[in-house]
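One structure is given here, and the rest of the page talks about it.
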Amino acid sequence: MNKNQKDWIDITSGVNVRKCMRCGKCSATCPSYDEMEYHPHQFVYMVEKGDIEPLLNSESLYKCLTCFACVERCPRGVEPAKVIEAVRLTAVRQQGNNHLIPDRIPEMLDDDLPQQAIVTAFRKYTK
Amino acid sequence: MQVNENFEPVIVAFCCNWCSYAGADLSGTNRLNYPANVKIIRVPCSCRVNPIFILRAFQRGADGVIICGCHPGDCHYTSGNYFTRRRITLLYSMLDFLGIERNRTRLEWVSAAEGAKFADTMNKFVEDVKKLGKNRRLEDLRCRKQ
Amino acid sequence: MQRIGVFVCHCGTNIAATVDVKAVAEALSHEPGVVISQDYQYMCSESGQDLVKNAIKENNLTGVVICSCSPRMHENTFRKAAASVGLNPYLVEIANIREQCSWIHKDIASATEKAIILGKAAVAKVHLNTPLTAGESPVVKRALVIGGGIAGIQTALDIAEAGFDVDIVEKEPTIGGKMAQIDKTFPTLDCAACILTPKMVEAAQNEHITIHSFSEVTDVKGFVGNFTVTVKKKARFVDETKCTGCGLCTEKCPMKKVPNEFNMGLDNRTAVYIPFAQAVPKVATIDPNYCLMLKNGKCGVCSKVCSAGAIDYKQTDKFIEQKYGAIVVATGFNPIKPDKYDEFAYSYCPDVVTSLELERLMNAAGPNGGTLLRPSDKTHPHTIVFVQCVGSRCDDEKGKPYCSKICCMYTAKHAMLIREKYPDTEVYVFYIDVRTPGKNFDEFYRRAVEQYNVHYIKGMVGKVSPKADGKIDVQASDLLSNEQLHINADMVVLATAIEPDKTARPLATMLTTQMDTNDFFTEAHPKLRPVESATAGIFLSGACQGPKDIPETVAQASAAAAKAIGLLCKNSITCNPCVAHSDELMCNGCSSCEKVCPYGAITYQDKEFRMPDRTTAIRRVASVNPAVCQGCGACTVACPSGAMDLNGFSNSQIMAEVDAICK
Amino acid sequence: MQEAMIKRAKELLADGTVNRVIGWKRGEFVYDSTPAVFGTADEIDAEFVFDDFTQANVSKYLVKESKKDGKILAFLKPCDTYSFNQLVKEHRIIRENVYVIGIPGGPKLDIEKIKAKGITGILNVKNVNYTLEIETLYGTEKLPFYEAISGKCADCKSKKHVVYDELIGEDGDVLDSNRFDMVEKLENMTAQERYDFWRGELSKCIRCNACRNVCPACTCENCVFDNPKSGIENKAAADSFEENMFHIIRAFHVAGRCTDCGECSRVCPQHIPLHLLNRKFIKDINSLYGEYQAGADTTSKSPLTDYRADDCEPSIVHERGVE
């Protein structure tokens, strides 16, 4: 377990994951549930355990729509989306870890996607 | 106004036994924080608080005096706090008339169930008195702490 | 010369964790008059009290200061201890260094400093304490029970059993409360009405019990043993003494579109109504919001059909005043309305119901005569989803932070009853935890799973979406199989949190009792005095004190009754010796004190006084009746000459405290 | 007027209605007349005086006098009748033992105002058509009457006698006075200005206790400031706090009882406007709890021993005026 990484996520998310009472309402409410390898409640639980590596390497990070349904409906005010965002930022900020490879861009393109988004994403996810 | 960060005011709180003292206890039971500057004196009813006590507190070095009683209509003794309200209103008005800072004195109604209100009230009052700084207008020089 | 003992309590770590108790004892040992200053783990324990007693004897103490918890907690304990070794109990002062110091502050240095100052103030005060002797005040041998649910009924029956008169004040037209609305009870599945209604009848017939239905407490004055309570008997526009409960008026009333609150608004009643067949008192009530006669002055059908002549459109609210020795609060609970939770679609989908609504839907006296039908289209539901913890254990302002305690069990009951009666129905229960501590409770829940094949799924429902075909899509997570489910349901039942009745808070204010932030009444001690409030003579019965199921409620109701009986059995209670007294030499006889005395305790008499030069003068002076005086001290401030003072809280004592605090 | 009063006093003494008379007697100078009790017609003839300087309120003396044997005749000006009534209400004066003759009030003269004009060596003062002809050691000076009237008369609240057994002269009415103007002016200052004003005034106090001793509301058997047990016993103010303390507590103790007779300021040798403290309370009481005039009757409840459930909260002090 990487304690520094856990602390960092606690700080950047501003979330107290220990408030979670494991009801699973976040995952029950998640529109991207089926796309995700790890579901919102798992993010919260795994961050609490300090089991963060698998999350950092999972595509699930980029499947979260940040729709905040989980934040809205969590009865304990845990805000899972903020946890996911914090893990995502941790991943993004890791040096030399390119999350967007130029070769893969053509297959992702579609007509509705604004060019600006690709440029921004490229800047953001390439280190 | 210049605020002295290190200034720790002496606050005397007169609390009626039935409501506000119980409210203060409740804020303790609920572990609600308020500054240690506040020292509570238990009185049976807010109407027991003689203006002399308030002046005495200022004389002896208090920087703020707050009286807490049951909400009007809920006095354990039926009418005590109604008398308090008139007396203390007039007294505070007189102190104001003499140019004593208004925020050094307060009267609040805190019920036995309002632990949170008690803590909030005290936090607010201490903050207000801190802004005013040391009591100088109604102090007794002989009691001034060196 | 005063010989004062100071005793500083650790209260385990309650005080000692934030206050350096040794330093407090040390600092106070240097105060004038202090001859012994000690600290101890638990001062209120037997050995702690012995420590105090021995110190009093060995050191011949003239005053005692205990630095401990609030005087509201243990002042009496230490006063009794002092009295047992011959020290006047009123020579004991408490410095509150727990509730008002160690529990409030986190910084040890400042908390210790404050504790020392509070201790010094108490020492300064005890220097001026005088021995006092308590008088006695009589106990009115009558109890008031506020709330006529099962808790109130049980308390009233038990008090009446002991031979005391007891009045029940119930705000609804009938007693019975929530239990009357329930169909079956867990874990025995016996019919609620079958066990409740005989008790209601028993209460009505008991010669010691008076039921004030459709009434509210509007004012409470007085103190333990001697409360004066004003009860408003709301106008029901029917003469209770004449109405026979025949129900003819309710049959003939043309205004039939009034939502029936007894059936949770699932069907309608008439403007003149009897809430349910077994209502006690079985008397009709006219709802002035709907009655055509009361609204427009046109109708009068009920009056015409009533052969008893009981209808009285001119009836007004009546106020009755009565004295009581004890008051028992049994105001009960209500389920919250889950309409703030948009995801559960309660406010716009009729087939999403609360558990109490389901009780009515399944009840033989309910809107469907006991057949479970969907409210929307009156068809049999084949898939029912139960959602637990709706609004309970919530950290936000929509719900309640506590566990409502009863939902796990009644949900298991509902699931089981449905599976029993309609085996073709699939029942899903979404739970976070299943909490079944109680006799035969877990066995009951396991029966629902094992015998009745109810699908218990660990997880929460995230979204309830009514669909065009009348079905309801329930999106939920199954945490154990780690998948998101979609259940095509016909009905959704929400196990909503319960909250104290809305009348509780204003009542607490009238009674000067404590409440917690959730509006549950606070007991005098959470472990040792669970059915008493901190205010003497006020007792707590049932769910007004916290979520409870029926057996617990009844147990607490009887316990509260026992406490009330214990009080009513006494002919008198020791009264407070901290009363006002007037110094005749100072008194001007100006009557200011008399005018502010709420008890009429002050009278005047002409007394002869010796004056200088061997003359005498007759002066009018005040005297206080110590049996009547309650010790508020209003007179002491009204008195311009300072003649009036208060025992136990004298001018000099309070000023000594002020000085000690400000020093 | 003086003649009519003397005549009536002697009649009442003669027919036994009263056995004493309280009025004023001439002092060493024409302007320092003082209250006095007369037992015989001869004493009255010799010393009784009633003129533009006899403004002392004799009500307070009746606390003691009314407890003596026999009935006493008291001459009360309108303002004095309020004090009298208030003391009757407080059971301090035994009404049956006093025969009250209402006499016209002022305006009375304030000798200090005359002296302030630089007029010294005063031998006699005559009012000739509202011009004062002042006979001095150095000749005669003239001064318009209204330039020398006493402060308490300038703010006169009432010419009406609220109690009397008989009247000499006409009864008047309650007046519209501007007596709260100065209080209002102070209220509109900043707290610092008010503080400076009162510090300037109260620091002059020498604790001669004249205000207390003359005050018809301060009739305690034993004043808290003289009582070692009260905790605030104080013979002379040691510092600014005690100067404030005495006057705040004194004003508070007479609040709701003070009839605004103005004697405190009149007798103050340091010319501290003490009546402003009392008027502040009266003004507050009137505006917050309804118009109330202490001494106007003997039955109404004093505002400080009364309440209403919907009284204003003390925060009203914070909300109004200037900080």
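We just call them A, B, C and D in the order they show up, numbering each chain from 1.
We adopt the following convention: a contact is a pair of C-beta atoms (placed from the backbone, for glycine too) under 8 Å apart; a residue touches a chain by one contact, two chains touch by 3 or more.
Note that the coordinates shown come from a computational prediction; the quantities given were computed from them, not determined experimentally.
Engineer: Which one chain sits nearest the middle, judging by mean Cα positions?
Structural biologist: Of all chains shown, the one whose C-alpha centroid lies nearest the global centroid is B.
Engineer: Given the two chain pairs B-D and C-D, which is bridged by the higher number of C-beta pairs in contact?
Structural biologist: B-D
Engineer: Calculate how many whole Å lie between the centre of chain B and the centre of chain D, each centre taken as the average of the chain's C-alpha atoms.
Structural biologist: 36
Engineer: What whole-Å value do you get for the distance between chain C and chain D if each is reduced to the mean of its CA atoms?
Structural biologist: Using C-alpha averages as centres, the distance is 56 Å.
Engineer: Report the inter-centroid distance (CA atoms only) between chain A and chain B in whole Å.
Structural biologist: The separation of the two C-alpha centroids amounts to 51 Å.
Engineer: Find the geometric centre of each of chain A and chain C from their Cα atoms only, then give the gap between the two centres in Å, rounded to an integer.
Structural biologist: Roughly 47 Å, centre to centre.
Engineer: Would you pick out the residues of chain B that each touch at least 2 other chains?
Structural biologist: Correct list: 51-52, 56, 73, 79, 83, 87.
Engineer: Could you list which residues of chain A touch at least two other chains?
Structural biologist: Not one residue of chain A touches more than one other chain, so the list is empty.
Engineer: Listing for chain D: what residues touch at least two other chains?
Structural biologist: Within chain D, residues 224, 230-231, 304-306 contact more than one other chain.
Engineer: Mind listing the chain D positions that touch chain B in their complex?
Structural biologist: The touching residues are 183, 186-187, 191-199, 224, 230-232, 238-242, 244-245, 248-249, 251-252, 255, 277, 280-281, 284-285, 288-289, 303-309, 311-314, 316-318, 321, 323.
Engineer: If you look only at chain B, which of its residues touch chain C in the complex?
Structural biologist: Residue positions touching the partner: 10, 12, 17-19, 21-22, 24-34, 36, 39-45, 47-53, 56-57, 60-62, 70-71, 73-80, 83, 87, 111-113, 115-116, 119, 143.
Engineer: Would you mind writing out the residues of chain D in touch with chain C in their complex?
Structural biologist: Touch list, chain D to chain C: 67, 90-92, 219-224, 227, 229-231, 253-254, 257, 301-302, 304-306.
Engineer: Which of the residues in chain C come into contact with chain B in the complex?
Structural biologist: Those residues of chain C that touch chain B are 70-72, 96, 98-101, 103-107, 110-111, 113-114, 117-118, 121, 221, 223, 505, 508-510, 512-517, 522, 534-535, 578, 596, 598, 630-634, 636-638, 646, 649, 651, 654-655, 657-659, 661-663.
Engineer: Which residues of chain C touch chain D in the complex?
Structural biologist: Interface residues on chain C, with respect to chain D: 585-592, 595-596, 604, 617-620, 638, 640-643, 651-652, 655.
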